[in-house]
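Since the structure comes first, as structure tokens, the remarks are kept for the end.
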Amino acid sequence: MKRRSLFVLFSFLFIVLSAQKEGTIVIDDAVRQHYRQEILIPDIPGYVTLKCDFHLHTVYSDGSLWPTVRVSEAWEDGLDAIAITDHIENHPKKMPGQKRAQYDVALPSALTANIILIRGGEISRSMPPGHFNALFVKDVDALDLPDVMDAIGEAVKQGGFIIWNHPGWRKQQPDTTKWWKEHDEIYRRGWMHGIEVFNEKEWYPEAIRWAMEKNLTITGNSDVHDFYENYYDQGKYPVRPVTLVFAKERTEEGVKEAMFARRTATLFFNNLVGRKELIEPLIMRSIKVEPSHFHEDGYAYFSVKNLTDIEFTMVKTGTDKSELPERTVLPRRGTIVLRAKQPKGQTVSYTYNLENVLTGVEQYYEYRITVK
Amino acid sequence: MKRRSLFVLFSFLFIVLSAQKEGTIVIDDAVRQHYRQEILIPDIPGYVTLKCDFHLHTVYSDGSLWPTVRVSEAWEDGLDAIAITDHIENHPKKMPGQKRAQYDVALPSALTANIILIRGGEISRSMPPGHFNALFVKDVDALDLPDVMDAIGEAVKQGGFIIWNHPGWRKQQPDTTKWWKEHDEIYRRGWMHGIEVFNEKEWYPEAIRWAMEKNLTITGNSDVHDFYENYYDQGKYPVRPVTLVFAKERTEEGVKEAMFARRTATLFFNNLVGRKELIEPLIMRSIKVEPSHFHEDGYAYFSVKNLTDIEFTMVKTGTDKSELPERTVLPRRGTIVLRAKQPKGQTVSYTYNLENVLTGVEQYYEYRITVK
Amino acid sequence: MKRRSLFVLFSFLFIVLSAQKEGTIVIDDAVRQHYRQEILIPDIPGYVTLKCDFHLHTVYSDGSLWPTVRVSEAWEDGLDAIAITDHIENHPKKMPGQKRAQYDVALPSALTANIILIRGGEISRSMPPGHFNALFVKDVDALDLPDVMDAIGEAVKQGGFIIWNHPGWRKQQPDTTKWWKEHDEIYRRGWMHGIEVFNEKEWYPEAIRWAMEKNLTITGNSDVHDFYENYYDQGKYPVRPVTLVFAKERTEEGVKEAMFARRTATLFFNNLVGRKELIEPLIMRSIKVEPSHFHEDGYAYFSVKNLTDIEFTMVKTGTDKSELPERTVLPRRGTIVLRAKQPKGQTVSYTYNLENVLTGVEQYYEYRITVK
Amino acid sequence: MKRRSLFVLFSFLFIVLSAQKEGTIVIDDAVRQHYRQEILIPDIPGYVTLKCDFHLHTVYSDGSLWPTVRVSEAWEDGLDAIAITDHIENHPKKMPGQKRAQYDVALPSALTANIILIRGGEISRSMPPGHFNALFVKDVDALDLPDVMDAIGEAVKQGGFIIWNHPGWRKQQPDTTKWWKEHDEIYRRGWMHGIEVFNEKEWYPEAIRWAMEKNLTITGNSDVHDFYENYYDQGKYPVRPVTLVFAKERTEEGVKEAMFARRTATLFFNNLVGRKELIEPLIMRSIKVEPSHFHEDGYAYFSVKNLTDIEFTMVKTGTDKSELPERTVLPRRGTIVLRAKQPKGQTVSYTYNLENVLTGVEQYYEYRITVK
């Protein structure tokens, strides 16, 4: 049944309820409703917090789906910006004679769905130096050059933003996560702008260290080849892994400016990694401690609210007589009640490490709870 | 294993993560996390919107659970106030010799969980006049009087708020939903303050009519006897049926004042019923129409955001050339994109009936979408 | 990351658990496990019951995914046989210059997964005569002929099995479900072997009537263009719509023989439609009534077990004094206990219509419960 | 609303679909369907495999629900036998003046639902010797004796089966899981018949060792105080922790005979623990290896079917050139396809440890896969 145009532009954006027709019985509830659900992560003072995935594949390389699907997935999942980054090198094998059309095919869907679509591609070589995403480029075909340095150089010439992808991928770095002399060369030329701290289902403490030491933009991306929902268990982790971009405005130019200015973090399966100066204002708007609502037998009872879609794991630092729990969880969009042994009418502070929030390798963000 | 105090006061309010012990292996993830999730329904100008269930049973009549469970359920489900309203009449049959202790047993849990617990009971007689809830009373034992008018009168004397429960319950009103002369008498004396428009899993258009004509407070309550989650399918309808109370403050006194002032509505399984002057400001804060983000070939594309946990069903009223969908759904916390055929740069309005929002019998709230 | 070969042959068939690598942290539980789940529908005496979907699309016409995905979906969902039936006519528009490779691309996956892959295509014309699937053909390219009768004739010449697809599709039959003179012509030539009683999310009582009157093979197929799970709500209906084929053996030849011999039925969202001589033995092996396990006060209590993945809706026929429920549901793989007022020690029978089982238009299968 | 009798006997056993009444609108789908789902675990030669929970609490001690709920939960969850084992000691505190009625209250539900209800109680003392369940006793009140040895002795005199509960519970055994001299005394008198290897959410390797060395009956029980589904995450682990009893018949006498004869095992969250002579025939009927369905390039492809509700974790033992996965998972009721490098036409065997199946402390059951 030819029920869809070749390029699905519009029909995924809302639900049309059926009217029954004489002689045809429609079972509407067998079909899923599609709609956008925002990811609840607050803006920080001066910037909007955009949720982005800069590493996606389609049938135009070794992915298993048509480019428009990447837009509809992103729209449903609450993303603001995506890049379809099919491998430059293995493009023609699967569909001989086809042009690299992934961006053009997806663009009409992106415009109607209000998703920022960034042109890009993945330069995919053996290690060293491995794989690199080139974002914001103008002509992806021009990146198809035999020498990897030529390819990266061409991307930079086009104004591209270069990310070293999955630096600890075991297939390319089986024993250690190593920075090769080839990476020194790329870095020295100013061609390595960012790095993936997270990719697909794994993350790399070494990459966090390099990002901090060498001042690289932190990113985390899905690199998904399948349908998103078929690959990941969204029942377990409802929020997609994303690069958080703290942008001046929700536009492609806004994303680009923030990326080059290194105003990013990454969130993957409740783990949040970023520079402390960006993480701190984000957390300040993420958790709310209410004044105590009840006091009895020397204990104050108070609520702690999580205003986000990130589950926080809290571990007490220091010792005191409060009898607060040593380890607890603050579920996404959830509220818990804690009980602290403290005198009525006094204001007391306690500190917890957020074990899922890293501002460096093994550096947990310390959160202060102040109870009135 | 005696692992809980007899009166569970505190331990349900947060999650303690286990530390493994030598020789004992703990499977923490087999156990559910419990925490509060707020119901997303906006306040209206001048009032906070409290979510309440004024009709609940426990083992102190024919329910199947201990009163503290009603508090932990309410806390988890995002309620603000509840009343445990065990049947006055059949109390002693199940636990001979026991006192009516439901309120006192549940109170410590309510204080720690910050749930407003309202003292009450259900006067449960055959039809006419049927069952009545008495809320905010001081002494439930004193309501155990042979004559139903005496019982209601005693409740009123104690300052009680009286609700006619499930007026269309088929077991008591098998053929029609009838207003008997006995109800006239109760009403004439000023003893009938409110009515259940919704009860358990059914609702009564007749009760909406009476509420509007006779100026009764609208309520809707679960009347649940089982564990809440065992009885209802929360996978299908995540939000509990509630009486919405538009109160000056989140206190028992605030609830009581609003109830007598008839500032209520009821929400049950996405159906919202209330007086137009309260529904209108609620809807104004519930749905947000964004300016169009894209215009092409004479069509404007724009987002409609649902800021609540209520799923709205929209049905177009009137005819126009916009090609907007005749029927669509605005899912809870969801965003849809609509496409209207309208000239670029113009502002045009369209009207939809919200088929799940009633301001009277078969009176749907008409919502205006204005597209820039 | 180039982590998959171009043609995914093997890796979807089981789960490999990760070993952690120094410097790389793998979050295994973020990723879904994939495995096959059989659909529980019994064989009937003399035949195996195969679950088949004969109408599927891919990027080789207007579908949104690569052909191998259709195999992995079918394997996971418990199917035995599928046909990828991309539209003959609109193939070249989407990928200019590409060959019709859907069958050849999918075949290696099918062989490793033990899925019977049937070569086919959809001849897709305006009404009359509409769309037709040609199955078991040898050369799909040869069906690309301007005249629809030539196209169907070529398919028949190749040994093809011809199905009239979605005869009541509102886009082609907006007002009624009509049998045109063109269908008479196809039927007269012996070219119409089967008909879709169900397609995608709708079904056609007229098609049931024609199947019975004109002795056509009954089919029901998904016609899915999207990723299966993205389109259908498998939380609501875990079993895919299928054509049930009662075959002598689980081979392509077995499927073909049974299709031409009309030994089929269709199951869609708990609705089962087929000829009575096939439905009866299927139901006999689907439901089991246990002897009563308890008798008290003149009532016998007994279990009714559903041995299948089909939910049955039972409605009592006739009247008696048993006090059995008038309407009940027998959930999939579930057991219910019923209570019948009947003398101890006697054996009594009761009849229920299975409202979800049709052996003709509005002809429900009548099931006899015999209680000992 | 008094819609239930005080003792719910029957109504939970099936679903009655509503007929709409004039003036009352029923929202049937807001309410959950309740029905029994069998746990798929095979019988072994000569015995039926009964699924039992011998440790449950209600409001008659420190549980939070009415005894009938324990029966309806067990029926839904596919259990065959349960014991309600309220603490002997703290009974009267919660409901002063109430009799110990848990068994009598629950019995009518058990009879109608065909659940074997075993009379019992928990003798609950500080360590040593801790808590003991007494099953199959005649008079629970008579166990309420000040001296713990008197209490156990009385239970034995009544024909009771005695289980040492949660021997490694950290609250009573904070540092180690210790066998005290008091346990020696109980054991020496022949009064300790069984032991809990699993309780609630934890298990005790020491208890496995003692069970094997001292020839105690292996049990595992939930000890649940809450509503079952509220406490455990049944989305994650659909099968309840159970004691498996290999009985000659499905009767109370059958359970008792098997318990005293030590023909038991325990299954908790996919972990299966038991004696090898019982585990072996169970596994033989649990997993089925199909002959290879495809052979290419020196690889045989074959299916492995899990016929149970237990998820098996398979880890390869020994080394070979088969290239079979080192670690994989065989999901419940699921099928996986494996690929072994082996010559066409030959039959080869491979061995895997089932890491979730223990026949002793750190003794995994070794499973042999034979591929034709």
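First chain written, first letter: the chains are A, B, C and D, and each begins at residue 1.
Here is the rule we use: a residue touches a chain if its C-beta (ideal position, glycine included) is under 8 Å from a C-beta of that chain, and two chains touch if they have at least 3 such contacts.
Values in this document were obtained by computation on a predicted structure and should not be read as measured data.
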For subunit A and subunit D, the contact-path distance works out to 2
Based only on mean CA positions, could you tell me how far subunit A sits from subunit C in angstrom?
39
Distance-wise, how many Å sit between the C-alpha centres of subunit C and subunit D, to the nearest whole number?
37
Quick check on subunit B: which residues sit in contact with 2+ other chains?
none
What graph shape do the protein chains here make by touch: line, ring, star, complete or other?
ring
Pairs of chains satisfying the touch condition
A-B, A-C, B-D, C-D
In the complex with subunit A, residue positions of subunit C that touch it:
1-6, 8, 21-32, 59, 61-66, 68-69, 87, 90, 93-98, 122, 124, 131, 165-166, 168-171, 174-177, 199-206, 223, 225-227, 229-233, 236-237, 268-269
In the complex, subunit B touches subunit A at residues 10, 13-17, 19, 33, 35-38, 75, 111-114, 293-294, 296, 301, 303, 313, 325-331, 333-339
